[in-house]
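Quick heads-up: structures coming right below.
The same subunit A turns up in both complexes below, where it pairs with subunit B and then with subunit C.
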Partner chain A sequence: MAAALQVVAVLAGAPLVMGGMRQVRARLEGRAGGGIGQPYRDLRKLLRKQQITPQGTTVVFALAPAVAAGSTLLIAAIVPLIALGSPLDSAADLFGVVGLLFLGTVALTLAALDTGTAFGGMGSSREITIAALVEPTILLAVFALSIPAHSANLAAIVSAAMQNPGQVFSPGSVLAFVALVIVTLAETGRLPVDNPSTHLEVTMIHPAMVLEYAGPKLAVVEWASGMRLTVLLALLANLFLPWGVAATDPSALGVLLGLAAITVKVAVLASVLAAGEVFIAKLRLFRVPELLAGSFLLALLAVTASSFLATTTQ
Partner chain B sequence: MSWIGKIRRVGRIVEPAQNAPETTIAPPTGVTGSLQLRHVDAGSCNGCELEITGAFSAVYDAERYGARLVASPRHADGLLTTGVVTHNMRQPLLNTFHAVPEPRVVIAVGDCACNGGAFADGYGVVGPVGDVVPVDVEVPGCPPTPQQIITALRKVTGR
Partner chain C sequence: MTTALHNSPTVPALGEGARAAPPAGALAWLSGGLTAALGAVGVALGLSVIFGEPRQLRIGWLLPLVGVRLDLDPLGGLFLVATGAVSIAVGIYAVGYAQRERWARFPLAILPLFVAGMLLVPAAGSITTFLVSWELMAAVSLFLVLSEHRREAVRSAGVFYAIMTQLGFASILLALVVLSAAAGGDAFSTISAHVHDLSSGTKTTVFLLTLMGFGSKAGLLPLHAWLPRAHTEAPSPVSALMSAAMVNMGIYGIIRIDLQLLGPGPNWWGLTLMIIGALSAVFGVLQASVATDLKRLLAYSTTENMGLITLSLGAAILLRSSGAPTVAAIALTAALLHLLSHAAFKTLAFLAAGSVLAATGLRDLDKLGGLARRMPVTTVMFGIAALGASGLPLGAGFVSEWLMLQSLIHSPADGNTTLALAMPLSVGAVALTTGLGIAAMVKAFGVGFLARPRSAAAEAAQEAPASMLTGMTLAAAACAVFAVAPALLGPTLRQVLAVLPTVGGHAAGPQLGTFLRLPGVGGSLSPGLLAAALIIAVLLTLGLSRWGARHRPAAAMAPLWASGADTLSSRMQYTATSFAEPLQRVFDNVLRPDIDVEVTHFAESQYLVEKVTFRSRLADPVEQRLYTPVIRAVNAVAEWVRGAHTGSVHLYLAYGATGLLIVLLVTR
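== the complex of A and B ==
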């Protein structure tokens, strides 16, 4: 039940997260902003528009939005957001989650290549460049977190952190947190890696890949990218601040508490992220690998620190 | 830290919202408060572009009425065209128009786009935007003020 609620909450909450982040940004810029509900209006309108299939595209282009949205929803079902112990718990392994994330990325890059446009190919090549640097960092960072828990299972990591709250402030954990924040920004196409609100095709990464989508398919793509951001923020929050996550086989009250806790955590993280974005500019594309290499180094240090500390305390 | 101080000192600079104008055409998809536009410069002197930039700036903030400029005609609900249509821009304008998924609107901004304006009888000119694609909303002025552009956008978004 909790897993089903997680999927529904991510589906319904993702536009709210996007709208909230735009609203925070608008207020800090002195604007009034479109309001938190603007993404809902945009999605509703897109779903009513004509579907255009560009000439020469194949089934890859047609299926990519569904694959991207489906893989994100599957992640939402298996990771411990509201409660531990989802029905797919044995698959809630950090390698599985990273693989699912990459599946969504690859589906959209192939779709962009499928359109045969210049910007689509350019966006795909950039996205894959970044993904190739991001995926090992996510793996290493969560690996650093899995050493104290003695398991790569996400539910096991979260419950270990709940039993031992002091561990959150260990050097390995703090380093892994910083590394994970940077790769989350890169993976979801936020500043300083990619600008989600740009109109200039030459500076785009993620938006360049979806330039040919229209109508309902564009709605699915935008919804999927919002859900991706929501799931990653929620996972980030629960890996480091697992308070409020309901235990296995939770009561209705526990599920409600878990839902409230994750809502508050994601709202705070998203607001901080949006406020931080006001102060930074997009990095030059050739500087992005330096940033990601830095986060990889942090993740590597996190693994070293946590394995060293784990052996000395035993 | 001086940026945080600046944000606090400046506060909200957006002009107070005026009463919504009467809608002359229904929102293209029946959803009010959401209008994505692709801007096409068909041969403008860039005066209207400056005013459009102003309309989407922090002071006039067209985004609060649900209007937004997008990077691709596929993402758009309509075109925001400026300037007279020149011979070289006639086909690109038509291509962009047909790339916009239906239902779509065309908003002609400025005297040149509405009736040819100062360039009406030029040798490189096909004619106003209405001669090439069907125009739904006209914004006269040379150039129109951001407030006039926003009033026209609100007529379409209905917000």
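== the complex of A and C ==
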């Protein structure tokens, strides 16, 4: 039940997160902004538009948005956002979740290549380069997180963190958190890796890939990228600060509390992220690998720190 | 490197007479049918051994002095099943391929012999039988590689393959002779009984020599150079057999000799395997991600996957000796499962590449494209293979890579510094391999099959005939089993693990049910459930995107945006080279590309460019650094020895007589 609620919450909340972040940025930059509800209005507008198929594209182009959105929804059903004990929890651990995330990325890169336009190829080439370099960091961070829990299953990691709250401030945990923040930024196409609101094609990564989408398909793409950001922020929050996550078989009150907790956590994280974006510029594309190499090093330190600390305490 | 090949004997002319007339359909049916039938026998025999009693067979008269000795146990059975299954798919495929590609008679006729050689290797029960079948496999495969020996590239690949495979054989021969002399027996069972008497020096010698020999067969670094040549230039069914079945024999050798007979080895054996495996995996996938030749890309991907398997085997040794037999069993299961799934997806990938090659005559990804509309079935097949090779969920390689990662993260934390450093670095290596593997496979599929054709040949491509499609469908079905129902392989792997006690095989291995559960450590996965849930989620999304459909005008087609130009030409597309350019730039220091940019200006002005010539060449850096000096040294020695060859018959007779005298003196 909680898992279904998670899916619905992510579906419904994703535009809100996007709208909120844009509004925070707008206000900090001295603009009025479109209002928090603007993404909902955009989606409604796009969903009512004509379905346009670019000539020469195949089923890959047509299905990719649904695969990207579907894989994100599945992640929302698996990870413990509101409550522990999703029925799918033992079907996929954190490695499986990372795999699903990449499945969505790959679907969109293939769709971009399918168009055969210059920008499609450019976007997908850049996206896949970044994805390839992000993968080592993510998996090492998963490794670091799984050491205290002795498992890579999400419920185990989150409940281990709940039972031992002080562990959040251990060196391994802090390093893993920083590494995961960097890769979350890279995977969701935020500054400083990619600029989600750019209008300059040559600097684009994600927007270049989806340049050929229009109308309802574009709505799904936008929705999917919003959901991706929401799920990853929520997962990040719960992996390190699992306060308020309801236990297995929760009561209605527990679910409500969990929902409120995750809403607050995501709102805070998203606002901080948006505020931070005001002050930084996009990195040059070939400086991004340096950033990712840095995050890889942090993750490696996280793993060695946690395993050596685990060794000495036993 | 070609300079080194001048002195080598010229390639024997194969099937000279046969080329005039294309092979009759009958020969294609006979050879393909025989290959598939042999494969079926292999599968049946393998399964009967895995689930039944070990079988033995002695044929005293077939080999002088020792006779042929075949001992089948579950480990050999597993490799019989893998080889056999690959052969079934390839045999059926070869029927159509031989007719469409006018494969010469001689190589076509010896195709079943190659399969027979590969089936004999894991069945061999004694060193002599093992070596004879190994050499049969190596020699026949060389003739098969040379099928199109009229082309210079094929001859060069053939010489490379011949030299490396024979050097590897010499190394294995030496190792096994040392082993047999020290243990006082020819049969594996005798050696196994006396292995405790061996000194550690002998064991180390045998380990290093076999690692070199078997490593070169498995395409591990630094002895991988034959792989991208031979796999690329051989006819595609042969590439599939070599890449999906023959390289496995290298892994089989390492498991049989180093892990089972000599094991449990010291820790540094495990570490050596892990380092070689990790280097091969990362180097192989890096080369694959920048390769523009479709079959070369697949060949480097083989190096990558064999590297991952070797890494897992090394981890199993290390974990076993660190007192974690259950985790070692996970690592071993991961290695064996990855070996099987690699056989499935690599067969499919090479067969699909062969179908593209047959339809277009092209392997160059920069000239392919647009095949999704022209060869839909082949495209779907290659897509399944690429998904498997990239290790993503729903792909054939996902479960085994997941097991691999689980075995690496669950190492015991008992103050073992070696493990505490080796395991995170291995996770990093496996993760980088997976990440770059995704890039390589997206490039192969996205650039090669989607978008618009980049050449007239790709534009005129036509779908492959039915028998080729049938062969590919069988391999695709195997991929599907690995992707969603690895539970079917659970009992088989349990039986095989039971005969490998030296690497934790007797411990409770992972349970491969609907849910994969790992005993002793917390971890579970259900690939089938995950696939079903993903399909439901995608359908749900499709349903949700119908929202507002009532208000929409009728759907329409529209031209793609041509970046402001009048029409979109296929030259505006990204090619494989440009797709991989960012990666090439990031890994500049490792890949060391050779890039020339020449800008020609108009005579009137230095500011107007008349034309720009761009040339980029990616050579294998290991080859350049390691092989070139060796080849140069061999050439120098050969030059020096040539001084003795004056052409005088008397002198040659004197050499012969002296040689004979020396032999007589030595053996007196």
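We take it that the second predicted complex is superposed on the first by the 313 of 314 C-alpha atoms of A that agree within 3 Å, B and C clash if a C-alpha of one lies under 4 Å from a C-alpha of the other, contacts with A are read in each partner's own complex, and residues count from 1 in each chain.
What we mean here is this: a residue touches a chain if its C-beta (ideal position, glycine included) is under 8 Å from a C-beta of that chain, and two chains touch if they have at least 3 such contacts.
Quantities reported herein were computed from a predicted structural model and do not represent experimental measurements.
**Q** Sharing subunit A, do subunit B and subunit C clash or fit in the superposition?
**A** fit
**Q** Which of the two partners, first being subunit B and second being subunit C, lies in contact with A:Thr198: first, second, both, or neither?
**A** first
**Q** Is A:Phe279 in contact with subunit B, with subunit C, with both, or with neither (first, second, both, neither)?
**A** Touch partner of A:Phe279: subunit B, not subunit C.
**Q** After superposition on the shared chain, which partner residues are touched by A:Gly30: those of subunit B (first), subunit C (second), both, or neither?
**A** First partner only, subunit B.
**Q** Once the structures are superposed on A, label A:Ala237 by its partner contacts, choosing first (subunit B), second (subunit C), both or neither.
**A** A:Ala237: touches no partner chain.
**Q** Subunit A residues in contact: does subunit B have more, or subunit C?
**A** C
**Q** Contacts for A:Val134 in the overlay, against subunit B (first) and subunit C (second): which applies, first, second, both or neither?
**A** Second partner only.
**Q** Examine A:Pro289 and indicate which partner it touches, taking first as subunit B and second as subunit C; both and neither are also allowed.
**A** second
**Q** Return first, second, both or neither, reflecting whether A:Arg48 touches subunit B, subunit C, both chains, or no partner chain.
**A** both
**Q** Touch check for A:Tyr213: first (subunit B), second (subunit C), both, or neither?
**A** First partner only, subunit B.
**Q** Looking at subunit B versus subunit C in the superposed three-chain picture, what is their shortest Cα distance in Å?
**A** Here the least C-alpha separation of subunit B and subunit C stands at 6 Å.
**Q** Would you please give the residues of subunit A that touch subunit B in one complex and also touch subunit C in the other complex?
**A** 44, 48-52, 211-212, 215
**Q** Under the stated contact criterion, what part of subunit A meets subunit B in this complex?
**A** Spelled out, the residues of subunit A in touch with subunit B are 26-35, 38, 41-42, 44-45, 48-52, 198-201, 204, 207, 211-215, 218, 278-279.
**Q** Mind pulling up the subunit B residues that touch subunit A in the complex?
**A** 3, 7, 10-14, 17, 29-34, 36, 58, 61, 63-66, 68-72, 74-75, 77, 99, 101-103
**Q** Would you pull the subunit A residues touching subunit C in the complex into a rising list?
**A** Per the stated touch rule, the residues are 11, 44, 47-58, 60, 63, 65-67, 69-71, 73-74, 77, 88, 90-93, 95-96, 99-100, 102-103, 106, 109-110, 113-122, 124-126, 128-129, 131-140, 142-143, 146-147, 149-153, 156, 211-212, 215-217, 219-220, 285-286, 289, 296, 300, 303-304, 307-308, 310-311, 314.
**Q** What does subunit C use to touch subunit A in their complex?
**A** Residues in contact with subunit A: 289, 369-370, 372-373, 390-394, 398, 402, 405-406, 408-410, 413-415, 420-421, 423-425, 427-428, 430-432, 434-436, 438-439, 442-443, 445-447, 450-452, 515, 521-526, 529-530, 533-534, 537-542, 544-545, 547-549, 551-563, 568, 570, 572-574, 578-583, 585-586.
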